[in-house]
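Please read through the structure below; I'll follow up with questions.
Chain nomenclature is as follows: A, B, C and D, assigned in order of appearance, with residue numbering initiated at 1 for each chain independently.
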Amino acid sequence: MSNLLESKEVLWSADEMMTVSAARSLTNSDTCFVGIGIPSTAAILAKATHAPRLTLIYESGTIDTNPTRLPLSIGDGELAQTALTVVSLPEIFNYWLQAGRIKIGFLGAAQIDKFGNINTTIIGSSYDNPKVRLPGAGGATEIAGACVNTTIICRQSTRTFLEKIDFITSCGFGSGPGSRHAFGLTGNGPKNVITDIGILEPDPETCELVLTQIHENVTREQAVESTGWNLKISDNLKVTQPPTIQELQILRALNAPAESKQ
Amino acid sequence: MSNLLESKEVLWSADEMMTVSAARSLTNSDTCFVGIGIPSTAAILAKATHAPRLTLIYESGTIDTNPTRLPLSIGDGELAQTALTVVSLPEIFNYWLQAGRIKIGFLGAAQIDKFGNINTTIIGSSYDNPKVRLPGAGGATEIAGACVNTTIICRQSTRTFLEKIDFITSCGFGSGPGSRHAFGLTGNGPKNVITDIGILEPDPETCELVLTQIHENVTREQAVESTGWNLKISDNLKVTQPPTIQELQILRALNAPAESKQ
Amino acid sequence: MILTLSEAISEFVHNGDSVAMEGFTHLIPFTAGDEIIRQGLRDLTLIRMTPDLIYDRLIGAGCASKLIFSWGGNPGVGSLHRFRDAIQNSWPRPLEIEEHTHAGFANRYLAGASGLPFAILRGYQGSDLLEHTQNVKLIECPFTGERLAAVRAINPDVTIIHAQQADREGNVLLWGITGIQKEAALAAKRVIVTVEEIVDSFEPKMNSTIIPAFVISAICVSPGGSRPSYALDYYERDNDAYIAWNTISKERDTFTEWLQREVLMGQKGPVS
Amino acid sequence: MILTLSEAISEFVHNGDSVAMEGFTHLIPFTAGDEIIRQGLRDLTLIRMTPDLIYDRLIGAGCASKLIFSWGGNPGVGSLHRFRDAIQNSWPRPLEIEEHTHAGFANRYLAGASGLPFAILRGYQGSDLLEHTQNVKLIECPFTGERLAAVRAINPDVTIIHAQQADREGNVLLWGITGIQKEAALAAKRVIVTVEEIVDSFEPKMNSTIIPAFVISAICVSPGGSRPSYALDYYERDNDAYIAWNTISKERDTFTEWLQREVLMGQKGPVS
């Protein structure tokens, strides 16, 4: 840690840049429904840096929780003990999520298509006889439906960013404009997709995900090569500010105990 | 109180006989959903005498409550402080009442017909322009529908026991056999009606309320004259055991503070 | 956001609003009700399972054009005379009513809090109420074919509740009989909470409910704000006041005189 | 009724039953699950939102013919290998699955606890899951015409949960993350509760839930009964055991060896 402060050249990993970018997207006035893994790390990082009043909600029913370390599961004791209140599962899904009280849903994905639809169910063409069985929907389907907006956080590659995904677990924009309305989904859908390459945002007219921001040291060619569809790049492509020393310090401190365990 | 013990001749009022009869109908293994007034007095009397393990539930959400004095309202602090647990109104009505977990519903009535249908809404022929506006349904409609059985407790007179009541607030047996099934009511309906005259029970075939028990010192003629329909009397009419000294003592002690206030 | 009660009512309650003031015999927000009377609000749709004395006052004061309720009595005492006078004689103005059962009403709030357009229950059937009320329909279960009652969600413009405590972040803690307050608050567009006191942190309580600050529009410190009902662990129900109300409210002139003296002249507080 | 765990499983769980063992990452009734394995029960329909290690063991041991679930992973670690091996390779026997979303599953329990044949939610739509699962249908709101998902009530033959405390009357107190336990218990025909300890009386706790004795079939004292998950204020989650499970369960022979040693030989307890 002290080395980091002394070194002139700060180095960071692509995952760290992705996590820091996701953290930066959250503000003090947000309420954020968090899944476990990098979404949770990003949300806790945001609270520890620029957004201490950010309200975190986990599907285990913990409302306004203030973890000081990374939970390994969405129901860790740490989340219950630092929460303002804990409610039952019917209540968290019906009163809090479904009613549209949550501004941002932080989601991960095993596969994603250009309309921000997400697969976390199966790899392969047959539901009944899958090549790989993934965990399934959990809270994601209704988080994707009911949060005011969602942010999807996942590494970008041609294995995950596909023209057609094997299974739509959670709806982004379906098959394009109008789909969400037809499905009766009350939230606005994906606001952005934050990856180790950059940030994609939906085109307001077509709903297609467009690269609007690229991380420092990543090339446009890398972005295109990491995408399984014909990636559109914004005319006003921005470049991500690299992680600050403070961001990296806190992030690494958060990850340290978990990594030492593995 | 001490006078009562010493006197050889125990005297009691018709209301006391009614309350004691209702109390006796409850057992240790019952769960009873209680309304305020005489039903509540009877239930508390039962717990204080022969049925200490009787489970009392009030619509205010208090489950397994053990009041030592008469509550003036169904949400008195006494009920909350002596309860095993207190739940929200949606929970008490949905999880506990509607799910059929309550064995006995204790109900009052302003008017009742021979099928045990109850009116607590209006007196008069017009809902929009009533002669007298009564409080309305409260919990009664669904208590009448969902408890395994109900017991109706009210004074018997030609003003209350009517061939046709002005408004059916809560369904007993509707228009006779089959009505409850047609309405989708899951409970069995009235088990008995306990009055200051005696006890009426539904005929198993016709569902019509029949006088099956008469209180001591009440005549069959009085029973008939107090009823607005052509009252049938059971061939095996029983006579109620008069209140015991213990029952009267406890009942009067319960009623004393409330009466001194009025 | 901590406001005075006067500021909160003025900012968040408007003529013509639908207003739910909940508290099931416990924690009834009487002081807030009196402030609505003092501010002379009109044409309110008053929503409350048990109108109780709080709405008898508002109805008698002429604030309401409609009442949605499920049990309209003076609990443990008898009738609500201002409520009856309004329904039977349109005094001081006509009062439209929409009447439900407790179970149906609780589920209307439940649907409102859940962001659903309706809720289902086993209820209303076999009761004449089904023909005389609005916002209840029978539907079929798509799995079993059973007929059930569907009730339309209720989403008040504003819900007002009273609680024992708020913390400095504006979160609210209530305990004891918590009734329908959480659902009524979550169903509303705006939420005002009056509290007995503000505390540094909450202690664990049996049967407690927390409402997070981020769904609350205003917190108002109002000690005794639910008298003559009660606030568990703060003060008891003033049963005498409930009994006295029967006499005060029975006639229009005794009611009017009481309203003038106890509410409008600013000498608010419990009936005694 | 206080029974030993062995007596309770023997009396209340039968071959072919639908069994819900709930606890959302917290208070997972592992020891009861192991007892089901030891008693050699078969053809169970296992019901649980998050199968977790507890059902990975039961599935690998061949107790289940069907699994109803909404998220099938090793939380914070990765896959459930026995669950995957059963679905993908029918080992040790074919496993039928019925898959839901968390919100849909929670509402199936909610309906079951409420004595309703179904519940409604805004859910499933836009997901391919709708075409691949059972017991979900789309219905129209009778007031607004909106299309909503209806899910069929779930009413397990038996629900098993773990709680921190029971009192001497057989009432149960659990606190912290209480998940879906109350609904799962109230939805079931029979209810077994394992507890850390029996106490004379309950202390107030934040976020606590009480389940009254009169809906419980059996209480079993089972200290550590939710290891390697955790019991708030008793012991912490054994994260190492969750990580170690990934290795133990990956291959059939290491799993079988572990099952023989740790469960069937009676040396039950946390993985270490």
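Convention: a contact is a pair of C-beta atoms (placed from the backbone, for glycine too) under 8 Å apart; a residue touches a chain by one contact, two chains touch by 3 or more.
In this text, all values refer to a predicted model and were calculated from it rather than measured experimentally.
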| item | value |
| --- | --- |
| Steps in the shortest chain-to-chain touch route ending at chain D and beginning at chain C | 1 |
| Chain pair with more C-beta contacts, B-C versus B-D | B-C |
| Distance-maximising chain from chain A - centres being C-alpha averages | B |
| Chain A and chain C, separation of their C-alpha mean positions in angstrom | 41 |
| CA centroid of chain B to CA centroid of chain C, Å | 28 |
| CA centroid of chain A to CA centroid of chain B, Å | 58 |
| Multi-partner residues of chain B (at least 2 other chains) | 85, 94, 98, 146, 186 |
| Numbers and ranges of chain D residues touching at least 2 other chains | 115-116, 121-122, 146, 148, 182-183, 206 |
| Pairwise touch network: line, ring, star, complete, or other | other |
| Every chain pair in contact, whichever chains are involved | A-C, A-D, B-C, B-D, C-D |
| Residues of chain C touching chain B in the complex | 24-26, 49-50, 69-73, 75-77, 79, 83-84, 87-88, 99-104, 106-107, 109-110, 121-129, 132, 146-148, 176-180, 182-183, 206-207, 209, 230, 232, 236-237, 239-240, 242-243 |
| In the complex with chain D, residue positions of chain B that touch it | 31, 55, 63-64, 84-85, 94-95, 98-101, 146, 186 |
| Residues of chain C defined as touching chain D within the complex | 115-122, 135, 137, 139, 141-144, 146, 148, 150, 152, 202-206, 208 |
| Residue ranges of chain B in contact with chain C within the complex | 36-37, 59-62, 71-77, 79-81, 83, 85-90, 93-94, 97-98, 121, 127, 129-130, 132-142, 144-146, 167-171, 174, 179-180, 183-186, 261-262 |
| In the complex with chain B, residue positions of chain D that touch it | 113-116, 171, 182-183, 186, 210, 212, 214-215 |
